[in-house]
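Structures incoming, each one as structure tokens.
Each of the next two complexes has chain A plus one more chain, namely chain B in the first and chain C in the second.
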Partner chain A sequence: MYARVATCWTILRISLEERLVYRGDFALGTLMRFLPIVTQMFLWMAVFDGAFGAGRGPGQQIAGYTCHSIIAYYLLTTVSRAFSSMPGLSSGIARDIRDGTVKKYLIQPIDMLTFLMLNRVAHKLVYYVVAIGPFALVFYLCRDFFPEHPGGLYPGWPDAATLAAYFASLLMAFLLGFLLEATLGMIGFWFLEVSSLLFVYMLFSFFFSGHMFPIDLLPGIWGELVRLIPLQYLAYFPAAVFLGKVTGPELTHGLLIQFGWVVFFLVAARTAFRRGVRRYSGFGG
Partner chain B sequence: MHTRPHYFRVLLTFLRNSLVRDMTFRANFLIDTISSMSWVFMNLGFYILVFRYTPTIGANTGWGKHEFFLFLATTLLINGVIRGLFLSNAIEFSEQIRTGTLDFALLKPIDTQFLVSLGRIEWSAIGPFACGVLLLVYSLFQVHYLPGPLQMVLYGFYLLCGVAIYYSLMIAMAATSVWLGRNKTLLDFWFYITNFSRYPMEIYTGTYGDPIRWVFTFLVPVLIAVNVPARLLVRPLSPQSREDWLLLPFAVAATLGSLIVSRWVFNRSLLSYRSASS
Partner chain C sequence: MATIEIERLAKSYHVYQKSEGLAASIRGLFRRQYREVQAVRGIDLQLEQGEFVAFLGPNGAGKTTTLKLLSGVIAPTSGTARVMGFVPWHRDNAYRRRFALVMGQKNQLWWDLPAQESFRLHQQIYRIEPDRFDRTRDELTGMLQVRQLLSQPVRELSLGERMKMELIAALLHSPEVLFLDEPTIGLDVIAQHNIQNFLRDYQQRRRVTILLTSHYMKDVVALCRRVVIIAWGRIIYDGSLEGIIDRYGGHKVVSFQLADGQIPSDLGRYGEMLPEKPPRAKLRVERSVVTDVLGRILANHAIKDVSVEDPPLEQVIAEMFNQADDLPKDKLAEVPELLSEE
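Presenting the complex of A and B:
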């Protein structure tokens, strides 16, 4: 037990140090990532102007969003994505399988999923340490966009219980993002080239996770379909929780379903790895 | 003996070689084309969604659904050309600087910028480009307004200006790899900047909007690239505002300026280039 914890700690520490090498590039990259949000802000202001004429009031809503709350929504999705996005995870796993690096997990007493998970935890931790500055700056500048909450802790902040639910959903967004992408990467055991499949996934996740637009905008059957798939928990759901769009039993229900998807993909990733390793054949080395 | 290379013939060779290369990996080419087109369709879906909730983008701007689709088609055409001709070359260029393989390009008896910018052509960009053409034709039928021949000629001309502005920005940014050592985020950065030109310039108004519009019109003229040709297509030529008329000569000046500055940056970067390996 102790040895296991020590191993995990070492992996975590190495990954942390590895990540801190490029911190300047990192901070700049974080700030730049808000630029597309700026265009989205102006686009939505123009959309509201077009729909209701210039001059904005609280009664002017599109799919339950005011001009301000939709901008707050876009800002909040950047936080969701900071937890759920896993750049290069699936393609990395698929590459390791193709070029045989995956052998090292079969020989060494480390579980691949645990190793990769710790690696990501370290990356994310470093990311938050570096990114908290740019994030705080942008959110402070945009503080007026956040709607008042009745009983909120602070203007623009929800109450403690909602905030707790928000953090829980963010944490699960991280787990879900990790496990979902890991499972996709394991498909590499069956198909050698998965890059086009990953592109399709990227496309879907961009549009239907709520990253591109709040999924409440989707009409009829489309909206219902998108709510059935797990992608919304990667960006939309945490943001909606923060904005107070999901409350009461609906909130508990949502968190439970999100948890259900985490468990589902945990089992899926484990199963895929076990089956995949059985198919896998490594040569030379 | 010193002969001037025949640039047009070299370009044709590049086109042919790239096509041969693409056709060697046919399935890959097909997947590339389809995936870049699916990106276009997804975006189109998003705008259809937006126009379910509003008749126009901005109050009294004239950018209704199909007018905006003409704008979008213009973006697709310009991006299609950029992606097809220059994008992978610019990425390759900053990689060549980093690894030192630029030496081979410098030794060739041809203008280095020409060689570096056009060496490899991505035929799969034909997919989104064709989407742009189709969307253009479809939207023109929908707006019940047919632009005159002069307008079409001007549209074509300003489309090329837009391509030139985008290209200048890209090649200048790729050239900065010489000083930065490595420019991994080139693609991101270029994407982030041109992202501002994806919408009509009228949306940038107000305390924060006006400076943004100013910067991306006069300092880094990316807003000009798509807006000027798109406006030409959407609005009749005769009752145009003074501002619209002024934009036309300004766009030409901005294009020339961008080309000159990027050429200068490119040449400067070559002077600072020190081959990487032995």
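Presenting the complex of A and C:
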């Protein structure tokens, strides 16, 4: 047990050091990711202005969202995405399979999923340290856009229990995002080239995770459908929890389903790896 | 019990076949034709503890497939193998902590970090006691003279230095069995020599069992007494290095220089003339008549310098492929790949 923890800590520490090597590129990349946030805010303002003339008041709503609440929602999904998005994970796994690097995990006594996960945790930690400043600034500038919560800790903040649920959903969003993309990457054991498939996934994820727009805007059957697939737990769900749109038994229910998806994809990733390795070793590696 | 025991081990692959041209590519979208390639066709091999064995053969002969089977990366189509009592493709952690595979063309170290960080990681993965880790690392870095490079990012090391670091990473957990796949590929002569010296010293110190594949005959001559030659998935020779020359090298090479610096036109009567820069001359002479030929040359000419050598190992092995009757002759064209030296 102790040895396992020590191994995990070493992997994490070395991954952190690796991330810190290219500090210039990293800082620039992190800051550039704030540009879309700004453009998206202007886009929503333009949408509301177009719909209602000068449409930023509380009375002017689209499916229950005012211009300000939708911007607050959007900002919160960027936080969700900061946990759940895994740039390069699937394609990296597929590349390792294609060029044979995956052999390392067969030869050395090390578990691939654990290793990649710790590597990702390191990526995320470094990212948060750099990104927390700009994030805080944007949220501070937009502080009046967040709704009042009864019993909130501060204006615009939910109560302690909701906040705890929010962090739990963010943590699970990380796990779900990681396991889902890892499973996708392992399709590379069967099809050597998976980039088109990943592109389709990214597209779906962009629309149906709630990153592009709140999924409760989707009408009828589409709305129902999107609630059945796990993508909403990557962006929409944590944001909705923070905004107090999901409460009481519905919240418990939502967290349980999210947890269920995490377990589902954990099993899926493990199974895909086991079967994939069997196929790989049968076909020659 | 032998350290490595292989019995009737065979491995075949399905390989997608595509004829040339666009039309064939379109047909391939709907129905793919596969061909069965027998990479290893039932080999038997035993290695005792502490042996250093060269595993030779042309490209595509089945060397790497065999190493992959023994390191557990792939499972065989039929047959059995045991390494230190383990079935490799079961991939027990206990087995994985006791062997290492080094591939000259693959990089296992973290590219952007100093090698010592990768070593730390190996310490954890392989559960090496801190004391033993420090001792082994210091011993290996000392032997390979890279101690001062430990804190330099791997990407800034030369190819030879990187290979040394790869070797250290693979040896930190003191594996009892070592598979080396082309460890000196792409290195310059000096770096090759350093790696050879290290491998020889290390093997003598630790008495580990090593199976080495290499295209450089100099590696083989420097390191291995026993040679196993595989071609088209089958073992065609298993014995001592000298044995190959005795059995297949039916001739010697006599080279000499005459005192007057001339090359007589009638040298052909002593044996087949081999290309050589004047004023030296080189003859291929049947082994049984070497003494006789030497006597005649010495009697008829004033000699400045003379030497008698075994033919180069490359040539002997090419000869062996020629004599192995059950091998497809059309494949002989592939043999020169084995022979290309440096």
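In this text, the second predicted complex is superposed on the first by the 278 of 285 C-alpha atoms of A that agree within 3 Å, B and C clash if a C-alpha of one lies under 4 Å from a C-alpha of the other, contacts with A are read in each partner's own complex, and residues count from 1 in each chain.
Throughout what follows, contacts are C-beta pairs under 8 Å (C-beta built on N, C-alpha and C of every residue); 3 or more make two chains touch, one makes a residue touch a chain.
This one's a predicted model, so the numbers in the text were calculated from it and none came from an experiment.
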Ask   = Based on the superposition on chain A, does the combination of chain B and chain C result in a clash or a fit?
value = fit
Query = Just chain B (first), just chain C (second), both, or neither: which does A:145 touch?
reply = neither
Message = Touch test for A:62: chain B only (first), chain C only (second), both, or neither?
response = first
Request  = Would you check which partner chain A:43 touches, where first means chain B only, second means chain C only, and both and neither mean what they say?
outcome  = first
Task = Could you look at A:35 and tell me whether it touches chain B, chain C, both or neither (first, second, both, neither)?
result = first
Ask   = Regarding the shared-chain residue A:10, is it in contact with chain B (first), chain C (second), both, or neither?
value = second
Message = According to the stated criteria, A:200 is in contact with first (chain B), second (chain C), both, or neither; which is it?
response = first
Inquiry  = Let me test your reading of the model: by the given contact rule, A:236 touches which partner, first (chain B), second (chain C), both or neither?
reply    = neither
Query = After the superposition, what is the least C-alpha distance between chain B and chain C in whole angstrom?
reply = 8
Ask   = Do chain B and chain C touch any of the same residues on chain A, and if so, which?
value = none
Ask   = In the complex of these two chains, what residues of chain A are touching chain C?
value = 3, 6-7, 10-11, 14, 17-18, 21-22, 100-101, 103-104, 106-110, 278, 280-285
Note = Listed in rising order, chain A residues that touch chain B in their complex are 25, 29, 32, 35-36, 38-39, 42-43, 45-51, 53-54, 62-63, 196, 199-200, 203, 206-207, 212-213, 217-219
Query = In their shared complex, at which residues does chain C touch chain A?
reply = 11, 13-14, 39, 65, 68, 71-75, 89, 91, 93, 96-97, 101, 106, 108, 110, 112-113, 117-118, 120-121, 123-127, 153
Key: Touch list for chain B against partner chain A, complex   = 31, 35, 38-39, 42, 45-46, 49-50, 52-59, 61, 63, 184-185, 188-189, 192-193, 195-196, 198-200, 202-204, 206, 209, 212
